[in-house]
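Here subunit A shows up in two complexes: once beside subunit B, once beside subunit C.
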Partner chain A sequence: MNKIISFPHLGNYSVPISFVLRHLTNYEVKASPPITKKTIEIGSKYAPDSACVPFKYNLGNFIESLENGANIIIQAGGGCRYGYYSEVQEKILKDLGYNFQFINLIDSDHLKVMEVYKTFKKMNKKLNFVKFAYYALLTLLMIRYMDKIDEIIRSRIGFALNMKNFTDNKKKMLQDFSKTKGFIPLTIKYFKYKKLFKNIRILKPKDCIKIGIIGELYTAMEPFASYFLEMELAKNNIEIKRFTNLTYLLFQKKKMKRKMLRGIKDYCTYTIGADGMDNVYRCKYLIDKGFDGIIHTKPFGCTPEVGAIPIIEKICSDHNMPVIFFSFDSQTSEVGIKTRLEAFYDMLMVKKGR
Partner chain B sequence: MDKVTIGIPRALLYYKYKDLWINFFEELGCDVVVSCCTNKEILEKGKKYTNDESCLAMKVFMGHVDYLKDKCDYVLIPRYACLVKHEKLCTNFSCLYDLVRNTIDVKIINYNIDIEKKEDEFYAFTGMGLALGFKYRDVIKAFRKAKKFEENQRNKRLLRQKNILGKSDKIKVLLAGHPYNMHDSLIGKPIINFLEANGVQIIYSDLYDKKYLKSEVERITQRNYWTYNKEIIGSISHYKKRMDGIILLTVFPCGPDSLSNEMIIRNVNDTPIIQLVIDELNSEAGIITRLESFIDILNERRKIHE
Partner chain C sequence: MEYFLGVDIGSISTKAVIIDSNLKIVASSYLWTKGNPVDAVKNVLSELQSKIDDNVHIVGVGTTGSARKLIGAMLNASVVKNEITAHAVGTSTIYPDVRTILEIGGQDSKIILLKDGIVTDYNMNTLCAAGTGSFLSSQAKRIDVEVEDFGKIALTSKNPTKIAARCTVFAESDLVHKAQMGYKKEDIIAGLCYSVCNNYLSNVAKGKKLEEPIIFQGGVSKNIGVQKAFQDIIGKDIIVDKDGHLMGAYGVSILALRSNKRINFDFSIADQKFETKGITCNKCGNNCEIVLVKQNDKLIDSWGNRCENGSVSS
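Here is the complex of A and B:
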């Protein structure tokens, strides 16, 4: 039987993930089928009731990829409840009668390079460390470039004459990236697309509304899980600043911790767990930078964010900053979110005096 | 110097560390005020301060802090981030201090326990004593005494439970859950009262000798890393053979419990298990009906086995 490896979706990052898996293992790589309403339905059918929504999405992804022929699945870990996902999901899937191998990449909270290497070594006997390091670094660089380009797109897409220019080119870019062979071609491609995205014509009014999106990592990163919140905002000519991405989690978070705690010492003395404290800091940052509003997203029952919300409310009411909270669960309807977004947008317009 | 009054909210970690806290402050010569038992009014007050998705225990806690607002000089709100290396606690415990500081206008006395950053209990308590203006020697003495008293109390309770376990031939049920849920007068008390009235002997999961914790936990789960949940799992795998049934008591929406209870239910197959999820709108009648039928099942099972 040939081995097919699969993994749950995480926004556009399925491209670098499948890239690294393809080069480091000799299995066939198949990302989970794209997330649809059915995915979440299957996921919430078998997941425990009060598990958070990413758990249900992941489980739905797994079931769909197993149905699709995969027999090895990969899950990462770390953070809050996320670290314990793997064991429970493995048990649920085994109880459902699927026959597969479950690989857990990160066991504890901190990413240990050697442990990840050992896991890959088990999958691929011919792998040596140089090759592993080469492709790992290449993938990290790809993630970094993707996030940088994403930032450019996000600040411009709302004012585009034709939104398709952006979305189509992004698809092309991801395809190009996934075929890359080395550091230099990747960098050349990055600059090519950076130039391309910067040159797409847009109509930008001088004082447009700027909104920052903060919140929990999965809903902030996964476009479907957040119901294309960002696209919806872009339609209303709103400039968006988004924070959490993989670059931040992998490289910046540790470095910034001290600085962040110093910045918000009136509100937080200690870290809150997962991204709680980071979001309080971002709130302060957005206020200082003169943004017009803040949107906070989280999946239902996200404990660290629930703890952070009263603090965010306090900081926003102290500085007279509009803030809106969205909580996504498997039953959230798109229309409800649109209505609330419109109301928020209208309020911002009135506040700005237009 | 005037006597300082310390307020201790009767919620969350109170049920774990009450002996230590009360003794420590009394040994130092402070007055200690413990808030009253949880009631509906306290819950209503607590709801005002928290997000509506906070867990019930958290809402109750905020209500207790509000109750203590003008009854004491300081309210004790510790921060617990990590008790054992490579393990974690629910993030609610690590944001508790900042949460109260930002929402309720009270003076707080605080200590921080984070083993991974080398801040252990001794360090934390001495720091707190010094912050209150006591002498270093007195603080250490008080801490040692309180620690000893806590251990004695625990051993006494453990022994009592052991005796019950050996003697009683009533139906025995393990009530498994966080101590702040089980012993709370709004969340767990109605269940305990009902069980006792129906002739069930309750064994509590928080009274359990942690000597073999690691090996006992591993029989059920390998990768769980929440210290308090591990204690529950350890007690389940320790007691389950001698129990007629297990009641998993949890509140809605408890983060760690949601996954760890799922694992327990899927992996413990030899003992009947019921999971009770309590939320703020719960009517007692619904819970009682479920408990009644659970006890009936246990009775029938016993008859068959005899």
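Here is the complex of A and C:
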């Protein structure tokens, strides 16, 4: 039987994930079919009702992958109770009668390079460490570049004469990245696109409205899970700052921990699980940097964020910072989100005196 | 003089006002939506038309409320705004120093906090309709009381019964239980009024500082039982404006005035045929439900599609 490997979606990261799997395994790589409403419907149908939406999206992704011919599935845990999800998901899928191999990339709370290497070595006997390290680093660099480009796009797309200039070019960039051969070609491509995105003509007023998005990682990184919140904001001519991306989670988070705790010592003296403390710090950061508003997103029932919310509310009320909280579930009404978002945007506009 | 029309199409009632350019309300109308926003708007329009002179010329239309998009397309509105902004604008025009707006409507309830006429914070109920107008009217039906008399009966109670109001379903079973236990009807009714307030304060207004002046509006504000309950629980003066139910419509008419867009509005729109149709796009797993709005069999607008594949044009 042909071995086909698949994995769940997280924003655009399917591009680097496909890339690394293609080079390190000799399986056929098929990303899960794009997330649609059907994905979350299937996921919710078989997931425990109390599990958060990332569980449901992932499970929906897996089922659609398996239906699409995949027989190996890869998942990565960690953070909050997400770390236990893969075992439960595997069990649910096996109970549903699917025959497949389930690989959990991160078994413990921290990413251990040698463990990951061993996992890949099991999949591909011919793999050696040099090759593994080469492609792992190349993929990480790709992620880094993607995140850097995204940062540029988020600060500019809201003022584009035609948003398609950004979205279409980003699609092209991802295609280009996925075909890269090595560090130098990738870097050349990165600089080419960086220049391109910086030179797209925009009409950006100096005192435009700036909103920071904080919150749980899945709803921050997977646009479908937040009902395309960032796009919605961009349509209203808003500059967006978002902190959570893979670069942050993989490289920066650990290094910044002590600095963050120092910065928020008046409000919070220890970490509160997953990205809870990080979001408290970001809240402070956004206030100091003169942002106009904060949007906090989380899946319904996200425990670390539920712990962070009262602290965020306190900081924001101490500093007169407008903040709005969104809790996403498989049943969330899209109109309700739009109404609240529009009111939030109106509020910031009036506050700015426009 | 220029005149502006504001329409607020809520789940239960449809409100409309016409203002002149001095922000004075020259005519208003208030009717039940009865699940048919298009017909409700036609009815308020014909009522408004009968109330104004022929020389009143409307040059701007604003819509708000849950059917704002549909009615906005139908009336070719110059402004389509969410109800939070509309209520804040309307209320702060009449009460420039208002600090807190409590609003309980048919299906939703919200709180708006303002300072110097600018919204500083707001909240709106999420999934649950407990403690809104529709909850009160369904409970009124259950104990066989006209919802309009609810407030009057509640005021006669000397010892309001405690009713669990966290959720409509629980409240209902608790209410039945209390009735079977032999509590008096007026005590139960008064208890319901208190439970609406408690539910509102612990959900929608949770963590918000209620500064005076406090204005209570929306359909439920007409209920003097709930008015009194709010006053008792909050311990501050609650203002209820006689036009409180019109504030959304009034606010959006002001927004229409402030916008630069001028249109030529004609009341004959009420005689035209409007049809809405829902279709499901089957081009991908999203299965978007697309709404088509037709005026005299001609497609004027459509929405609901997530991507280009689902866009419908005439």
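Remarks
Note that in this section the second predicted complex is superposed on the first by the 354 of 354 C-alpha atoms of A that agree within 3 Å, B and C clash if a C-alpha of one lies under 4 Å from a C-alpha of the other, contacts with A are read in each partner's own complex, and residues count from 1 in each chain.
Please note the rule applied: a residue touches a chain if its C-beta (ideal position, glycine included) is under 8 Å from a C-beta of that chain, and two chains touch if they have at least 3 such contacts.
Just so it is clear, the model here is predicted, and its values are computed rather than measured.
After alignment on the shared subunit A, the placement of subunit B and subunit C results in a side-by-side fit free of clashes. The vertex angle at subunit A, taken between the C-alpha centres of subunit B and subunit C once both structures are aligned on chain A, is 80 degrees to the nearest 10.
Once the two complexes are overlaid on the shared chain, A:Y270 sits against subunit B while remaining clear of subunit C. Here subunit B and subunit C are compared by how many residues of subunit A each touches, and B touches more. In the superposition on chain A, A:N162 makes contact with neither subunit B nor subunit C.
Touch criterion not met for A:N68: it reaches neither subunit B nor subunit C. After overlaying the two complexes on the shared chain, residue contacts for A:T187 are found with neither subunit B nor subunit C. Of the two partner chains placed by the overlay, neither subunit B nor subunit C lies in contact with A:N128. Shared-chain residue A:Q252: touches no atom of subunit B or subunit C.
In the superposition on chain A, contact of A:P322 is made with subunit C only, not with subunit B.
After superposing the two complexes on chain A, the closest approach between C-alpha atoms of subunit B and subunit C comes to 6 Å. Counting contacts as defined above, subunit A residues 327 meet subunit B in one complex and subunit C in the other. Touching subunit A in their complex are the following residues of subunit C: 66, 81-85, 118-122, 124, 126-127, 207, 284-288. Here subunit A touches subunit B in the complex through residues 48-52, 55, 80-81, 83-88, 91-92, 95, 104, 107-109, 267-274, 276, 300-301, 303-304, 306-311, 314, 327, going by the rule given at the top. Here subunit A touches subunit C in the complex through residues 33-34, 36-39, 313, 320, 322, 327, 331, 333, 335-336, 338-340, 342-343, 346-347, 350-351, going by the rule given at the top. The touching residues of subunit B, counted against subunit A in their complex, run 49-51, 53-55, 79, 81, 86, 88, 90-92, 94-95, 97-99, 101-103, 112, 221-226, 252-263, 266-267, 277.
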